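Next come the structures, one after another.
Next come two complexes, and both contain chain A; in the first it sits with chain B, in the second with chain C.
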Partner chain A sequence: MAAPASAYKDRQFLAVIGDEDSVTGLLLAGIGHVTQPPDSQKNFLVVDSKTDNAAIEEAFERFTTERKDIGILLINQHIAERIRHRVDTYTAAFPALLEIPSKDHPYDPEKDSVLRRVRRLFGE
Partner chain B sequence: MSIFPIESPRIRLLSEEIDSLFEHYLQLLHQYDSLRSSLSTLQASIQQNIARANFDAQRGVRYGQDCYDQRMQAVRRCCVTTGPEGTIFSVSEIQTLRSAASEGLREENADVDAREKEPDIEGEEGDAGKATDERKGGTKPKDPLRMFGILTPQALRLAQGEAIKMVEEIVPKLVQVDAEMKEVEIKIRRARKFRAKAEAAEKPAVAERMQEGVVS
Partner chain C sequence: MSGTGNREAVFPTRQSLGLMKAKLKGAQTGHDLLKRKSEALTKRFREITRRIDEAKRKMGRVMQIAAFSLAEVTYAVGGDIGYQVQESAKSARFRVRTKQENVSGVFLPAFESYTTEGNNDFGLTGLGKGGQQVQRCRETYARAVETLVELASLQTAFVILDEVIKVVNRRVNAIEHVIIPRTENTIKYINSELDELDREEFFRLKKVQNKKQRDTAAQDAEMRAKREAKAKADSDKENEDAGDEAGQPDILGEQEDQDVIF
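Moving on, here comes the complex of A and B:
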């Protein structure tokens, strides 16, 4: 069933939660956006070894639930792994969620939520 | 495969429907897999180019979050539409979006002019309006590469080209295939449920028929 137009019509930005190089690459493509002050909300979060899981979860919540202008959320697979319970229970159609590989963590099909869904469907 | 030796036409139809859904699902899975490998290759190349740019940079310079513009504006935005074929995601440069919009406006204005066929003052005003639109559409958005300086290394420019390709071509397709897969999954589960119900309803009748066969 198609979602109502109000659910997606204003979703014009891509958001990213990733390590510094992944975010830099995506910002080079021109997806980075900072809203007007005083809010100055960014549509990206740079995660390093010091970033705690609560901050990642908060950003995930902000991009998926609070902000209505995000159409696609990109997240590094190894970061998604840190908040796996949130990522796996996320079922909304918008914003669409996509796990991407990073420099130190290549794509692992075992951790891919889409392939896990496929395995479930085939009864494994 | 059904556990019943004799399938009713309804169960057979449902089984066929499930099979065709699975066929479509596997095609989507193949598409997803090839897009995934393209994404991995591109992402690896982007990371490599950023690493090369950092390696070649002057001492102390790192192309990372210290260089980010705190007032950056998105140059590439996504557009979500839904139609009979499902949800469609696309990412394109804002200038392209603007020029497409102004082109549409221009065509609209041209239609109005053709209908009126009166080259009067109003028409001139319309032309002036069009020129303003063109000027608006023509404002070039700031190149994101500029936040890393004026003289950026070749490797960073290469990384940008690949990142654009990834964002415009691979990411929207991947997201779209994923959405379509979710829809097909729902259909498969529904069809399986209907088939299970039909089989449960058929069970007593089949048992009776089998018993009759044994007796005779």
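Moving on, here comes the complex of A and C:
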């Protein structure tokens, strides 16, 4: 049933996979975090047209399953679109996956995995 | 006989009938309770869904405003600050903590945002020019992230509730369509078997009674025959005796003397 407290009590950071503008803005808000030097992992990934899908998938995997200190993962919708199969099959409660609009790509509720689930549940 | 349907493997005894009846009652109570739980959760679920819908729309607007303020920064600073910002990010100022809320026995975690004071990674960003815009942009984005955090907690609640509702509904359906019919079937089976035994027992008793009656009747008849035979023998003997005494009437007897007429 409900997740045990240990599943989310240490989750205190937000992570972001997005284009440069989104990441810059969110970092300005102060969500950026780099872990202690030995492995110094960033909690953000900047994706541009040159980044290939494997890299995005790897970052997605790292933020969702490997790191246990991330509570919310923000991902630009047009990037989520590129790894749609991964996003759609992601059903865990933690970290929460949130698709956000970017500057060049306005928000489209039709593509959102959660909103699609909502619609499917209510039979629309 | 109702042994054809799906039923539990029990011996048809009164004890197991009692057990089955208790089980049926328990299943019905459980079904009612779970149904109510499922309804409460669904109500909550619908409310959350509605709020998610609103929050997603709000997020669209807020992110647009935030993106615009970032564009202002780029214009004011006169160059791209992205690289600088990415490199100077060290420790998160904006963090979330989780708390939980109890809805009908289900713990729904909710995120709450807080900012740690003291560290400011971007103190020097926009030092040359556009510092004011950078500041405003940071505030706008902080507000946007707050909205996102709110949305994320709604969404987490949504995911967890979805799962829990599925489990509860599955249980409700299992009880309603499997356990209750099966228990009822078992009760019916036990009842019919017990009735059958009752009928058998009744028939047996009747048989025994019949036989006893027949035996008694035969005995009676025999006795009667014996008695009659004996009685007959007695009366024959008596007759013989009576024949002997008929010659000399008993003058001293009680019988009235005939009047003697001279």
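Please note the rule applied: the second predicted complex is superposed on the first by the 122 of 124 C-alpha atoms of A that agree within 3 Å, B and C clash if a C-alpha of one lies under 4 Å from a C-alpha of the other, contacts with A are read in each partner's own complex, and residues count from 1 in each chain.
We take it that contacts are C-beta pairs under 8 Å (C-beta built on N, C-alpha and C of every residue); 3 or more make two chains touch, one makes a residue touch a chain.
Keep in mind it's a predicted model, so treat the numbers as computed, not measured.
Chemist: Mind working out whether A:A55 is in touch with chain B, chain C, both or neither, as first, second, both or neither?
Modeler: Neither chain B nor chain C is touched by A:A55.
Chemist: Using the superposition on chain A described above, determine whether A:F13 touches chain B (first), chain C (second), both, or neither.
Modeler: both
Chemist: Just to be sure I read the superposition right, which of the two partners does A:L74 touch: chain B = first, chain C = second, or both, or neither?
Modeler: both
Chemist: Applying the touch criterion given at the start, work out whether A:H33 contacts chain B, chain C, both or neither, answering first, second, both or neither.
Modeler: A:H33: touches chain B and chain C.
Chemist: Under the contact definition given at the top, report the residues of chain A touching chain B in one complex and chain C in the other.
Modeler: In chain A, residues 2-3, 5, 8-9, 11-14, 20-34, 43, 46, 71-72, 74, 93-94, 96, 98, 100-103, 106-107, 112, 114, 117-118, 121 are touched by chain B and also by chain C.
Chemist: Write out the stretch or stretches of chain B touching chain A in their complex.
Modeler: 25, 29, 32, 36, 39-40, 43-44, 46-47, 50-51, 63-65, 68-82, 86-87, 89, 91, 93, 141, 143-145, 147, 156, 159-160, 162-164, 166-168, 171-172, 174-175, 178-179, 181-182, 185, 188-189
Chemist: Using the touch definition up top, name the residues of chain A that touch chain B in the complex.
Modeler: 2-3, 5, 8-9, 11-14, 20-34, 40, 43, 46, 71-72, 74, 93-94, 96, 98, 100-103, 106-107, 112, 114, 117-118, 121
Chemist: Flag every residue of chain A that touches chain C in the complex, lowest number first.
Modeler: It comes out as residues 1-3, 5, 8-9, 11-14, 20-34, 42-44, 46, 71-72, 74, 91-94, 96-98, 100-103, 106-107, 109, 112, 114-115, 117-118, 121-122.
Chemist: Using the touch rule from the top, collect the residues of chain C that touch chain A in their complex.
Modeler: 49, 52-53, 56-57, 59-60, 63-64, 66-67, 70-71, 80-82, 85-86, 89-98, 100, 105-109, 111, 115, 121-122, 125, 134, 137-138, 141-142, 144-145, 148-149, 151-153, 155-156, 158-160, 162-164, 167
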